[in-house]
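Two complexes follow with subunit A in common, the first pairing it with subunit B and the second with subunit C.
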Partner chain A sequence: MAIDTGILINVGFFVYVSIVFAILALGFNLQWGYSGLFNAGIAGFFLIGAYTAAFAITPRTPPSVGYPGHLGGFDLPLPVGAVLAMVASGAVAALVALPTVRLRADYLAIATLAFAEVLRIVAINLESITAGTIGIPGLSPPIVFNPPNGFLNAMVKLGVSAAILLGLFMTLHFIAESPWGRVLRAIRDDEEATMALGKNTFQYKLQVFAIGGALMGLAGWLFAVTINYVEPSGSFAPTVTFSVWVMVIVGGAGNLRGSIVGAFVIYGLEWLSVQLKDFVPNQFKDTVFYTRLMIVGILLIVLIIYRPEGILREKKRILR
Partner chain B sequence: MTEMGNGQAILRVESVRKSFGGINAVDGCTLSVNPQSVTGLIGPNGAGKSTLFNLIAGLYRPDGGEIWFNNTRIDGLPPYEIVHLGLTKTWQIPHELRNMTVLENLVLGAKHNAGEHLLNLFIQPGKVRQDEKSLRVRAREVLRATQLESLANEHAKALSGGQKKLLELARAMMTEPALILLDEPVAGVNPTLAGSLMDLIDRLRRDGRTFFLIEHDMNVVMNRCDRVIVMHQGRTIAEGTPASVKANPTLIKTIFGLLRPTAGRVAFQGEDITGMHPRDLVLKGLAYVPQSNNTFPSLTVLENLEMGAITRRTSPIPMPWNRRGTLPDRSRQMTDAQIRRRAIGTLNLFPNLRPKVRERAGALSGGEQQMVALAKSMMLDPDVLLIDEPSAGLAPKLVDMVFSKIVEINGKGTAVVMVEQNAKKALAIANRGYILETGRNRFEGTGPQLLQDPNVAKLYLGG
Partner chain C sequence: MSPLSQENLSSEAALGSRWREAFRPTPRVRRLFFRGLLTVAIFVGFFASLATLFGIAILQYAIAGLRVSSIVIVAAIGLTLIYGIRGFANFAYGDLMTLGAYIALLVNLNAALSIFWGALVSFLVLAVVGILLELLIFARLEGRGPVAPIVASVGVGLIIQNGIRAIGTTQQWLFQVPAIQEIPIVPGLGFHWIRDATTLVVGFAFMISVHVLLTYTNLGKAMRATADNLELAKATGIDTKRVTYAAWAVSCSFASTAGILLGLIGVIRPTMGFEVLLLVFAAVIVGGIGSPYGAVLGGLVIGFSQEMSVPVLVWLGRPDVIGLEHSTAYKVAIPFIVMIAVLIFRPWGIAGRPPAFARRVFLVEKLSEAIGRRIRFAPRTEGEEGG
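Right after this comes the complex of A and B.
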């Protein structure tokens, strides 16, 4: 008897999109939860990663009737696309950080939010490079099955995403819980005091902004590869940034595991609200999706009041 | 260049200036500190002492002048480079890293720790482990010396005020400094602990370190310092041995808590308020108008008034680690709209300010600024108003105006205590007068009694 693979494909989709969000959340947690840098341009770095991946991975696509074409089409292997996405996004993050990372938290937020919006609007309008709102299709999945097999395809994506998340988590844990990471937490608690302890805080902030940006770029690559399609108006809107904030706040700032938990919980609510459509009376079919927004809102308020440190609170580091 | 420039001094400050929005916080300050000394820096609040420390430590950049540490010019260097040269500072209000443990706070003080460089984590893991291990051992030794060992793995935010001061000193020691600037090291520390803290400083000094400290506790200044430098209005006005420099702590500042009394009590409406924090005193109904710097020059008159009623702390973005204590009651009672209404009500008492409510306070004349300061202090409807030299620096006509306003405020039911050099005019409007000499009551009586007393007239009223 055959298992209903449709449900598994659907669950697989939930898992690998959650993983994309988890990587974004890890990057933001490193910047904000560890270092106190409130990045409001997450969607922008995510966009750079996704487009760099699309330019690098897709085969050559010349302009044709009804399609403006796009930059690249270099037909490079997937891992090369991942590296390029991280390098591009990390480099841009460092450039953005140079003038802005000295700003106070609220101004840094305004500057990065503006940066991300400018980037998205450019991506919408610069048709010759990004194909505008038509987007870039045709990113091939990690393994192409012949004949096409939706179930195996979903499972491969799931496996690749899970392996990447595991590797990233271990690497980030290693660097964030090191003496280097300790300086980041010191900057977050009191930058002036950290400078008076002999640390070049600007350099640390620059590094962590670039690393966080590179992670967001990697998330962009994974997103593009798992969805097989890049388009600027919805996928990189400021709401993506806001979702990641909520994930880190709910999961627990300053705790890397918390970012992963937060991503699965918050994206899980969205995914469930979509699934509900099949189980509610007809008159609610169009609105049930939005219950998610109410649930997330209430969850956030309750959490901020009763557990402001998040589901997994930052741990006390006991030194022996 | 001068006799103190001959390489003897470990620290030389020469004509250093720093101003903030038109106020000269440090105004041509020159001083030097000898190696292996404990040098005290004293002076009234607002004299520029903490600003000077921030300039020396590189946290502020001077507008002019030079700062030399050993034989290196350090003004304009970033703070982390100055630390690496062997100069560090502590804060008056402890800057503990609140969400980190005491031990983490200390280990961060080390100047060289391989693991603090990202690449070393991957290319020199052995050195990273070794550095970290030896630093933890050293940090524990310092904790033992500062009696904080039992708190090693507590969050710094869980420490008491006095313990945080110890933590500041301990953390500063981890940077292996030759010169340590201490901003009020024993403020808020209980006497026993303060004594052992100063003993520790003595020991460290004998090991070859130099201490330069701001302190209001006269016991510390008189008994523990080799040399004392007095600062006033951004300059040094006196220096010498503690015995030769006797500062006069003024009573009004003692009452207000800006200077802590070494003995005696201050009672307000039957309650002992000695040493209470100024913020709490304001909320109890005690307001204070300082002699100078008593308005916010870059804010408008209306904003100045509103500031008088705003005592809460807000953060633009809610960060879980920024959660501080609850709001005090008096401020909680007022919404923004209520504050605005009260400001407009207060302006009824100061009709000549009304056409200028949108002007920056700094652009007003001295007399008008004094009015703004008075109005600002009336915003919380105080029971007692302390005024320090309301006539200082004002033209005679303006003095009359300010004094008649004080009479008017008093008539509305607020008790006024003022310190005033212009004794004739002050006593003319005073119900009661006290004349102090070297910190003690010399004469006391009603205003008219004192005015008519021939001794008072001879000594203080210019015959």
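Right after this comes the complex of A and C.
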């Protein structure tokens, strides 16, 4: 081909990973921005989605030399994997929410963070089920081209993830503007008053926690499918959770477009730091990466102090 | 003086009773003494019963439990002080511990001074860091609910952790301490002066010092008052701003010492503090947030539950039992299970005071409802059923 597709593939990678983070951010925004449930276990639900997808989608892989094998290998079609990932994550989220959702925001954060860390420890150590740190490779792309074509592959992934994001955005917009979404915002602003109006706030919180968890599971599925590989130690570390917080805070809590913008901006920062790595002298290669995380930290502090409503602030709703 | 001496001379028995009168313990001291004796007895009994049941080698895990507990206790006391006074969970605490260990390391390696001086320098530096954190960041977030300071503290943690990585690389370091051999007691059970004795002694010293601070000094009393009720403390004329700064200084310097102890029993690396942060949170929550005495209790529960679970996990890892691979890696999950159980059944902690209108947790509520329905034969009246 005349044009160099390498850079396009690279940009495509940036876009679809950003979309994965955008879906995570949408899930977290639904939980925190709309309902005030401060979830610190985003990485855990992300992990459940990714592993469920990997178990469901990959072909059978019996244990071999140097590979401990993993659970499943059901060779199911991709959409079934997505549904399973969402159901698994949503169900686990509901179970986690049952005892914790009534707690104060800080207790909830610590409990969910602990939950995510336990899950990661299990994923690293339970080799017969998750293949440990070796990870599960070989998830097939949405369309298998013959002969293999990197550019078309990237474009298909991009198309699929963009379509999912668009669909989610419209659905969530509808949900957020519905009476149900109105109750969520009421719970966030004043839970006692909402209770006094006869709403069972516990039910609502349970539901929104499960739906947010299901969205995170969907993001896990999309991540597994687009990266073709699931591995526990780096992809699902608490840093992922913190990044998603920054995305939602940068974009603006309680605002769907904000989450998407925030995801693109913050993941763009990471992508840029990876691209910059090739241009800096050898001894600074790692520094670039760590500087990026420091910038994320500074952004968190500065934004939470000076602009807690984010770039795009939540629409003011006035009673008429 | 003269009538006293005359009386003393006149009768030996009077002298005895007078001295006894002077040193007769007040009921409070007697209570404290018996409570301490009881604690020691419980510990000794616990260890003795373990040793007789499972053989003396099991005490190795108990010693490890004490070691981990004393580190977690020092950290948890610091964390709970700020939690009580400022009302938020400081997620940067683990990274502050790392920072403390690295500052001590810097002094230890570059100035070739003993670790004691490193600890002292790091103690003071971290106190200043704590005051700066409050001054620059957290004072601006007062009255914004618990989430905003949590987010800011995560930012602080990210900056510290990655700053250390960027400057000091991800290399692992060790403190320059005299090499001491482990003293073997019986095969499989040894005792190490630095690893076992230092952590225990320092942990105990910090416990005592915080007790003295909170009970016998004006600052400590002001701290307790501020943690109990901010508005009331202000109304009684306590300078709560100054108390808050002092609490930050104490909290962060405790973090530095906990980090150094952690470096003494293991290696120093950029994520060392963050890895134990959740353990410290678990101790704080199990003990009851804001209570230093609860933090001690919680630290013991957490440290022991983690280390004493190892033999059980080893047993589970045997191929003829379950054959769980890497089973001892799960020991870090045990404290979280304890924490979740406490959150469900006693969210105010095992040592904390329940709030006046404590809402029972979902599961407990449903359970007691079910039991209540069984026991109470009379039909439920209308209006009891809430919306």
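By definition in this document, the second predicted complex is superposed on the first by the 303 of 320 C-alpha atoms of A that agree within 3 Å, B and C clash if a C-alpha of one lies under 4 Å from a C-alpha of the other, contacts with A are read in each partner's own complex, and residues count from 1 in each chain.
To be clear about the criterion, contacts are C-beta pairs under 8 Å (C-beta built on N, C-alpha and C of every residue); 3 or more make two chains touch, one makes a residue touch a chain.
Everything quoted here is computed from the prediction, not taken from an experiment.
With subunit A as the common reference, the superposed partners subunit B and subunit C clash. Within the superposed three-chain model, A:Asn200 lies in touch with subunit B and with subunit C [touch as defined at top]. Touch criterion met: A:Ser128 reaches subunit C, while subunit B stays clear of it.
Once chain A of one complex is fitted onto chain A of the other, the partner contacts of A:Ala109 extend to both subunit B and subunit C. Of the two partner chains placed by the overlay, only subunit C lies in contact with A:Ile298; subunit B stays clear of it.
In the superposition on chain A, A:Gly212 makes contact with neither subunit B nor subunit C.
When the shared chain is aligned, no partner comes close enough to touch A:Gly44: not subunit B, not subunit C.
Looking at the shared chain after the overlay, A:Gly73 reaches neither subunit B nor subunit C.
When the two structures are aligned on the shared chain, A:Pro99 is found in touch with subunit C, with no touch to subunit B. Legend: residue contacts after superposition of the two complexes on their common chain; A:Thr287 is shown touching subunit C, with no touch to subunit B.
Put simply, of the subunit B stretches 148-156, 328-336, 436-444 or 454-462, the part that bumps into subunit C is 328-336.
Subunit A uses residues 38, 105-106, 109, 195, 198, 200, 249, 304, 308 to touch subunit B in one structure and subunit C in the other.
If you check the complex, the residues on subunit C that touch subunit A are 88-89, 137, 140-141, 144-148, 150-152, 154-159, 161-163, 165-166, 169-170, 274, 278, 281-282, 285, 324-326, 329-330, 332-333, 336, 339-340, 343-344, 347, 359, 361-363, 387. On subunit A, the positions that touch subunit C within their shared complex are 32, 38, 98-100, 102-107, 109-111, 113-115, 117-118, 121-122, 124-128, 195, 198, 200, 202, 238, 242, 245, 249, 286-287, 290-291, 293-294, 296-301, 304-305, 308. Within the complex, the subunit B residues that touch subunit A are 57, 59, 78-80, 83-84, 88-89, 91, 95-101, 103-104, 107-109, 111, 113-118, 121, 128, 131-132, 136, 152-153, 155, 171, 174-175, 316-321, 323.
In the complex of the two chains, the subunit A residues touching subunit B come out as 36, 38, 105-106, 109, 174-175, 178-180, 182-183, 185-186, 188-190, 192-201, 207, 249, 253-254, 304, 308-310, 314, 316-320.
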